[in-house]
Amino acid sequence: MTGVNEFEQRAAELIEAGRRLYQLGLVPATSGNFSARLTDGRIAITVSGSHKGRLTFDDIMIIDAAGRSLDDRRSSAETGLHLQIYHRFRDAGAVLHPHSVNATLLSRGRRDHLVLTDYELLKAFPGVNTHECAVTVPVFANCQDIPALAAEVDDWMERHEGPVHGYLIGGHGFYTWGATVEDALRHVEAFEFLFDCELRAGGRQRL
Amino acid sequence: MTGVNEFEQRAAELIEAGRRLYQLGLVPATSGNFSARLTDGRIAITVSGSHKGRLTFDDIMIIDAAGRSLDDRRSSAETGLHLQIYHRFRDAGAVLHPHSVNATLLSRGRRDHLVLTDYELLKAFPGVNTHECAVTVPVFANCQDIPALAAEVDDWMERHEGPVHGYLIGGHGFYTWGATVEDALRHVEAFEFLFDCELRAGGRQRL
Amino acid sequence: MTGVNEFEQRAAELIEAGRRLYQLGLVPATSGNFSARLTDGRIAITVSGSHKGRLTFDDIMIIDAAGRSLDDRRSSAETGLHLQIYHRFRDAGAVLHPHSVNATLLSRGRRDHLVLTDYELLKAFPGVNTHECAVTVPVFANCQDIPALAAEVDDWMERHEGPVHGYLIGGHGFYTWGATVEDALRHVEAFEFLFDCELRAGGRQRL
Amino acid sequence: MTGVNEFEQRAAELIEAGRRLYQLGLVPATSGNFSARLTDGRIAITVSGSHKGRLTFDDIMIIDAAGRSLDDRRSSAETGLHLQIYHRFRDAGAVLHPHSVNATLLSRGRRDHLVLTDYELLKAFPGVNTHECAVTVPVFANCQDIPALAAEVDDWMERHEGPVHGYLIGGHGFYTWGATVEDALRHVEAFEFLFDCELRAGGRQRL
């Protein structure tokens, strides 16, 4: 059984995550949304429309594993994308969706996936022990029909062999997750670094 | 009737807005100017020449709806541009004019307007519910004759069909507004993000 | 007559200027140096080799108008460049020398001067009332012989018609000044913004 | 003989160094590692896997000059690279390994070394008195076999004539050192500035 304290602890972590990601420029305006799963399966998640750099406890609500509000408030419009991740990955305890310029520019290109290879920082992801590996990051077309988008993401993950640590949505930032909020933050920092490298290297390669 | 407290509250919000925008690099030197409308129609506005990142209450003055100083101080040289917005948009409660490198570079180009489309972040603007829309941002030539420039802006808005959320002035930053200072700040963050994307994508496209 | 208090006040301003410029990334490692002139003509100046982002009162020393140490410490190696400015401009009360990537890249090009025009931010400089002006910024080749470099700067200023607000040294940052430390800081922010614009626009123009 | 206090002092400096480097964006996720040598030859070094921007005393462990843990914890996987530097340079008191985008991009190119010349900031390195010098920065291919990589680095240093102040590892950041943590931090700031210049200048040159 989950007490009030566990919710408050996760909520405090999401508030702090927002403050950090805003300082890094990754959640401008009211973009982005965050969540953390409690041990009983319920989910603490940011409410719709709040500024992620200045979250308060009032901006974190609670939903059940099916996404139903447990406190009469409206959760993020993209709640379904969080649920897809929690359903598929039993060990996912937190999901973060930042919205950076780098992710936006990379994802607006024509490609349907990105392959990251030969970066030492790939070792920030679980199970990666060497830069000599290839981490695939799928890119999905942006879509306001969240159930359809969640199904497309889930279908890709079903078909894809090998681990996946995050994905891009066209013109819309990226999703990543981890066992804890701290783990998910580490994955955000790693992806943002790698996207920055890819974008800047790509710009030069096209010359 | 508007009491002293409402003015002080708006002034405090403008001071905080300046601090935030300076941290984002959007009001270098003494560039930029800000205002907020009181419920009785008078306007709290930054005085001429102050540093927007380190505003104090002494840097916020009060003018009437026609722009006349109500306290013997001189308001920003661009007061007329603020008034144009308040006159045209009944629900505008705050106007922010930041001065970023991105806006300066974008606006110095030859085009007379910018069309932003296919960005999730467009949903930061009121009435926008999907990335599949086109937000037009007009670009006006810079001009030291503020009444003439205000008339040109007003004329464009009169002729333009569909909503407008902000505009660029050549080599001179941008204007945006909102129902509250917080709303206007959100629009600044959204525009700056989108201008950054456009500029960096544009650089690559021209290659 | 100048008391201890005036020196301490100027020193406190230079310490704060260093903190701000470091936050803006303009004085990495131990680059840069700053000074302020007292009313009796003596000069408060940073000692050689200190980190400008973490200055203490011990890092600010005092020299006479001819550059002689009045407290047995060694002033910045570039003291002669500060003196040239104080000698030529009677109303200069502070000199700041930041060392940014933008200034370094711009100044390493082949040109011997830069002309800034059509930027609203040019109005940050004294006597500039319109963007329709041209501010010339000379670029001098870097040189470890400071008296020779100071003479070259002085000679250029003697021959140049019209006001000058700062200059670049090849691969070595820029110098600017003002009536007060605050004024000089405003000029630093304006130049850095304009150099950033020029560099990024220049990169695109060459495409 | 080294007391507890010397270890605690060095550990505090490494914690503060991490905080600063994280603010500069140089140690994203859990990248990077730092160390400082005590007067008796033992070494304070960051433990494996910690976030360098939020280090605590628990994240700093102690090893002997041969790299053996003296407190049962596991030191950074790259401990061998730190030891190589301490063995070769008697006056090295601290080693810092940051992981920046600039260093990653520069080091992923095909070249086997970089020559930095004609930058005033080169004077940040010990023994450099003029911009008219050439500082060589070797680039080693990334490798998970740390003893082999350390041997390759040592071999290059044995053969190279003239001083060396740091090196790059492909897709993996850079190493630099100094007599104190403060000195090593100054070298990090100088290298990062110079790498930024090289990368941006290089991008333009290829146009």
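Note that the chains are named A, B, C and D in the order they appear, and that numbering of residues resets to 1 at the start of each chain.
Rule of thumb we're sticking to: a contact is a pair of C-beta atoms (placed from the backbone, for glycine too) under 8 Å apart; a residue touches a chain by one contact, two chains touch by 3 or more.
Note that this is a predicted model, so its numbers are computed, not measured.
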Response to the item:
Label-sorted list of chains bordering both chain A and chain C is B, D
Item to complete: Name, by label, each chain that touches both members of the pair chain B and chain C.
Response: none
Worksheet entry | Type of chain A:chain B copy interface by residue overlap (half), same or different | different
Worksheet item: In whole angstrom, how far does the Cα centroid of chain B sit from the Cα centroid of chain D?
Response: 45
Worksheet item: How many Å are there between the centre of chain C and the centre of chain D, using C-alpha atoms for each centre?
Response: 32
Discussion item. Going by the contact rule already set, what residues in chain B reach two or more other chains?
Written reply: 203, 207
Discussion item. Please classify the inter-chain touch graph. Allowed labels: line, ring, star, complete, other.
Written reply: ring
Response to the item:
Chains touch in the following pairs A-B, A-D, B-C, C-D
Discussion item. Residue numbers of chain C touching chain D in their complex, please.
Written reply: 28-31, 51, 99, 101, 104-105, 108, 142, 144, 169-173, 203, 206-207
Item to complete: Using the touch rule from the top, collect the residues of chain D that touch chain C in their complex.
Response: 118-121, 124, 129-132, 182, 186-187, 189-190, 192-193, 196-197, 200-201, 203-204, 207
